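Below you'll find a set of structures to go through.
Each of the next two complexes has chain A plus one other chain: chain B in the first, chain C in the second.
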Partner chain A sequence: MRRLFLSSLSWTYLVGAYAFIFLPVVVLVLFSFQDGRLPVPPFNGFSKQWYEAVFADRKLMAALGNSLLVALASSIVACLLGFLAAYGLARYRLPASALQRGLLIAPMTVSYLIIALGLLAVLNALNVPLSLMTVGIGHVVINLPLCFAIIYASMGDHHINIERAARDLGANDFKVMVLVTAPMLMPSILAAFFLSVTFSWDEFIIAFLLSRFDVTLPVEIWSMLRSGLNPKTNAVGSLVFLVSVALLLILELFLFGRTRKQ
Partner chain B sequence: MTAPVSIENVTKTFGGFTALDNVTLDIRAGEFIVLLGPSGCGKTTLLSILGGFLSPSAGRIVIGGRDMTYVPPAKRPTTTMFQDYALFPHMRLVDNVGFGLRMRGLAKVERNEKALGFLELVGLKASAGKRPHELSGGQRQRVALARALAVDPDVLLLDEPLGALDLKLRRQMQDELKAIQKRVGTTFVHVTHDQEEAMAIADRIVVMNQGRIEDFGPPSEVYMRPRSLFSAGFMGEVNFVPGRIREADGRSAQVETSLGDIALPAANFPAAAPNAGDAITLTIRPEHFRTSDRTDGPLIALGDARVVGSAFFGTHYRCHLEPQGAADRTLVAHLPQSADVGEGEIIPLAVRAADVVALPPASGNA
Partner chain C sequence: MTVITLEDVDRRRAWGFVAPALLWIIAFFVAPFVFMAAMSLWKREGREIVRVWSLDNYLRFFSESAFLKGLTNSVEITLTVTVLSVLLAYPLAWIIAERVPRRFQRMALILAILPFWTSYVVRSYSWLLVLSKNGVINQALMGLGVVAEPIEIASTRSATVLGFVHFFVMLLTLTIYSNLIQLSPNYRRAAADLGANAFQTFWHVVLPLTLPGIMTGAFLTFVLCIGDYVTPQILGGNNELVLPQIIMLQLGRRADFPMAAALSIILMLVVTLAYVLCARWLKIERA
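Moving on, here comes the complex of A and B:
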């Protein structure tokens, strides 16, 4: 009896915890199929009309394209810079390397709002006009520490001899990096890349403050919200969520799964 | 290809620690050299200096007549086979073996053909498409060997390559290494701390201790005629018997020991000619003791000894003996299978004069 009580208690807790985490998302997705004009209960029945509306909306589609562009480009740059920094700090004896590592990771602890305001001030002072490029710069600033940390953590000492062997067989530093180090670290480089894409894809504050005419999807959704709740925002929100989930699944299945096997 | 190697007065210090202390060594082209010593003796440092991964603090490295002291590893006619094999985990075996050829600009077809040839040499041609993580330790080791040999180095440096293998596989790989070295003719410099391995494969063994070369010669010479107490002790089990030279002329010497007086020819003093009055340590291998009923040549009687312990080892009995003249000292002797001695038995002990090596006593570094 006591055991039954305890086990039902733990099950209730489990269900409660997951409900707390996922209920908002479930509600969002559910009401994106609302057959009616308001995304609030009661649920009137299924309809695909809001998705059709989303795909027919030029501005939304343009923003989606912008988001993809910014996410991919800023993630490639962040991974490249993160890899180079990790390689340098892991393989060479540099002055104050502990401090340099700390400085590289430090932006993680600063709020996006502060980073965006700081960049805004800098860009103004330099007379750089706001554009998707400046949003991309902001995303590199927030994702570089992440990429650096992930790639640096995977650069083990056991790789040193492998790089030595490559050098011994006649490879120069550049070839060692491109043909040996980077491919060996590919799982963690890809992990950093996909995480960075998801973060950039969802990011609002920096994208909002550092963009002007061309905007990313979260910024476009925000301007839609200003005209009131609408199942169309639910539909586009669900799409954003779907893409993030897909990226995480790719990461989990193809990268973390593979490294476990090895 | 193959080349001779000269190590000239090489010293290497790390901060205040002297890893190599004025080491000079000449290696002939095509020789299989083993650097043997305990960990920390400087053998791996010497190998790294030969490979170009470290620069000596002083001295010179000459390979094939060219000064290589400060030439980087990629530009040296050497390749190194690393202890952990250091295979490229993301490449197939054929690409691993062909990597050096790729760096030398060989076209893909040609380089794959050559790489397959070297994989065949080590018996892994059928696995050419596999990746390193699909292989066993012994197989990885072979791939590392093939990869290092594929660029046709003059000198192959092997850093304890058999250390990670189990004993049986290690013995088998020793034979293979030796056979492959004979076939390719490359100079091999091999580092190990296993004296059996050294004897199994080396043309000449370099015994190292505390950054210095203690002994250098063919395995039989280093074992039978060690030039230092350290070398004698490292190459196998040995009994040290301290003594004093009572008198010496050019051809022989009388040595006073707790086992009695022993007359030895001057040839048995490999380190320095005997001088009357000098302290000396006699080294006797356990298998050189004879129970004096077995006569095969002139024997030196060492008096009677009591058997205090005996164990059968298959090829011999390993016995602990207490000499009657010096009860505070125990000797280890390997007696033949036929000896059949029991504990407590008193047996007469003898040794052939030629089997005793007299060395200066330890001066604190053995």
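Moving on, here comes the complex of A and C:
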């Protein structure tokens, strides 16, 4: 009897928690199809008009392109620098390597707002104009620690012998890295890359403070919020959610799924 | 003549690998931070930033109630959010780890953190749809006849806390779940052998063993929450400003960069203090 009570309590809690977690998303997506001007109850019926409005909006589409560009470029740079640093620190004995590792992950412990402010102060002082480039630089700062940590953690010592074998067979350092180490670490490199892309793609405060005329999607959505509740904002939000979930699915199916089987 | 050993060559090459990443962090993170710290000791006069060293910005912080209120708002909201999120996330993680059949656990977990991947700005906006005067909750309450007039939920501290808790419950469920699942079942078996009932086993064995994980998650929540501008700005409105909102105000209307820098340093000191206070429980995992 008591067992039954406890188990039904657990399931009630589970259902309640999921309801709380999904409530805003369900409301967001449902009212993106609202046939009317206000994304609040009552629901008047299905309409695609707000999605059409989104795709017809030149500013939004430009912001979307900017976001993709910044996310891809900054993630490639972050992954590349992170991989090189992880390789150097895991395979060679360097002085003060603990300090170097600490320095490389330090930005993780500081608020994005403060990172953005510091960069903004320096860029202003040097009279560097704000652009997508400056946003990208900021995004590399926040994603490099992540990429480094993920790739460094997966550089096990058991890989060393394979690399030695390659060297014995006459491969130089560059060849070992590109043809042996990188392929062995591909799952974690890709995981780091996709995580960076999702973080950069969704990042607001750095993109907001370090951009000027060309803005990224979150910044454009932010300026849409000034017009209050609007089904068009729901439609953009639902689309962004869809893209993020798609990225997550790729990660889950092709990377984590594969490493689990091994 | 100096002899170049193989080790020297190796070391030089290794520097070549690490240097680009280090230089990037130093140029775009360390240097800007040092510059900002220096700037917090300068002053704004009219439209110009004057490079005279003084503690004026920090003295202003402690003498103007608006700034101090921002700090206390920030700390109060962040502590409330951290405690509530842990209290709500722990049972959820526990149920997923203990009650949900093993082959559905991964799916249950992915579902529990799926809305995590909505855009950050959009997530707060979604809560606005739920909480606003003609939003879902008010219409439901009025439909049920609970209230006659819509109640004000958006633009209050509660709305900010709710928005934050929603986000961090997902994050903490993930960290606490991974902690619970790593516990060897032998601990529980030993406790049961020694005569402990389910509650005693949980209270004296499972909970203490997961405490480091809880503290790590709680610290992460604290850091992310106290530095966030978006959620308080969208959900809390302009009634009770938190520190990041005040920092952004310095940048915008007042163009007072030195004051914004000083406030940022204070924000960082608060985070450092939090770190020192819970450092002994934090177990940052190393490779």
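We take it that the second predicted complex is superposed on the first by the 262 of 262 C-alpha atoms of A that agree within 3 Å, B and C clash if a C-alpha of one lies under 4 Å from a C-alpha of the other, contacts with A are read in each partner's own complex, and residues count from 1 in each chain.
Here is the rule we use: a residue touches a chain if its C-beta (ideal position, glycine included) is under 8 Å from a C-beta of that chain, and two chains touch if they have at least 3 such contacts.
From a predicted model like this one, the values you see are computed outputs, not experimental measurements.
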item: Fit-or-clash call for chain B and chain C when the two complexes are aligned on chain A; value: fit
item: A:164 touches, of chain B and chain C: first, second, both or neither?; value: first
item: Partner chain(s) touched by A:180 [first = chain B, second = chain C, both, neither]; value: first
item: Which superposed partner A:204 touches (first chain B, second chain C, both, neither); value: second
item: Chain C, chain A and chain B - angle at the middle CA centre, rounded to the nearest 10 degrees; value: 100
item: Chain B versus chain C as contact partner of A:64, first or second or both or neither; value: neither
item: Of chain C and chain B, partner touching more chain A residues; value: C
item: Chain B versus chain C - smallest C-alpha distance in the overlay, whole Å; value: 8
item: Interface residues of chain A shared between complexes with chain B and chain C; value: none
item: Contacting residues of chain B [partner chain A, same complex]; value: 51-53, 72-74, 78-80, 82-84, 86-91, 99-100, 103-104, 133, 147-148, 151
item: Chain A residues touching chain B - in the complex, by the definition given at the top; value: 158, 161-162, 164-172, 175, 179-180, 183-184, 186, 262
item: In the complex, chain A residues that touch chain C; value: 7, 10-11, 13-14, 17-18, 20-25, 27-28, 31, 38-42, 81-82, 84-85, 87-89, 91-94, 100, 103-104, 106-107, 109-115, 117-119, 121-122, 124-125, 137-138, 140-141, 144, 148-149, 152-153, 155, 173, 198, 202-205, 209, 217-218, 221-222, 225, 229, 233-234, 236-237, 240-241, 244-245, 248, 252
item: Chain A contact footprint on chain C (complex, rising order); value: 10-11, 13-18, 20-22, 24-26, 28-33, 35-36, 39, 88, 91-92, 95-96, 99-100, 110-112, 114-115, 117-123, 125-130, 132, 134-136, 139-140, 166, 169-170, 223-224, 226-230, 234, 244, 247, 251, 257, 260-261, 264, 267-268, 271, 275, 287
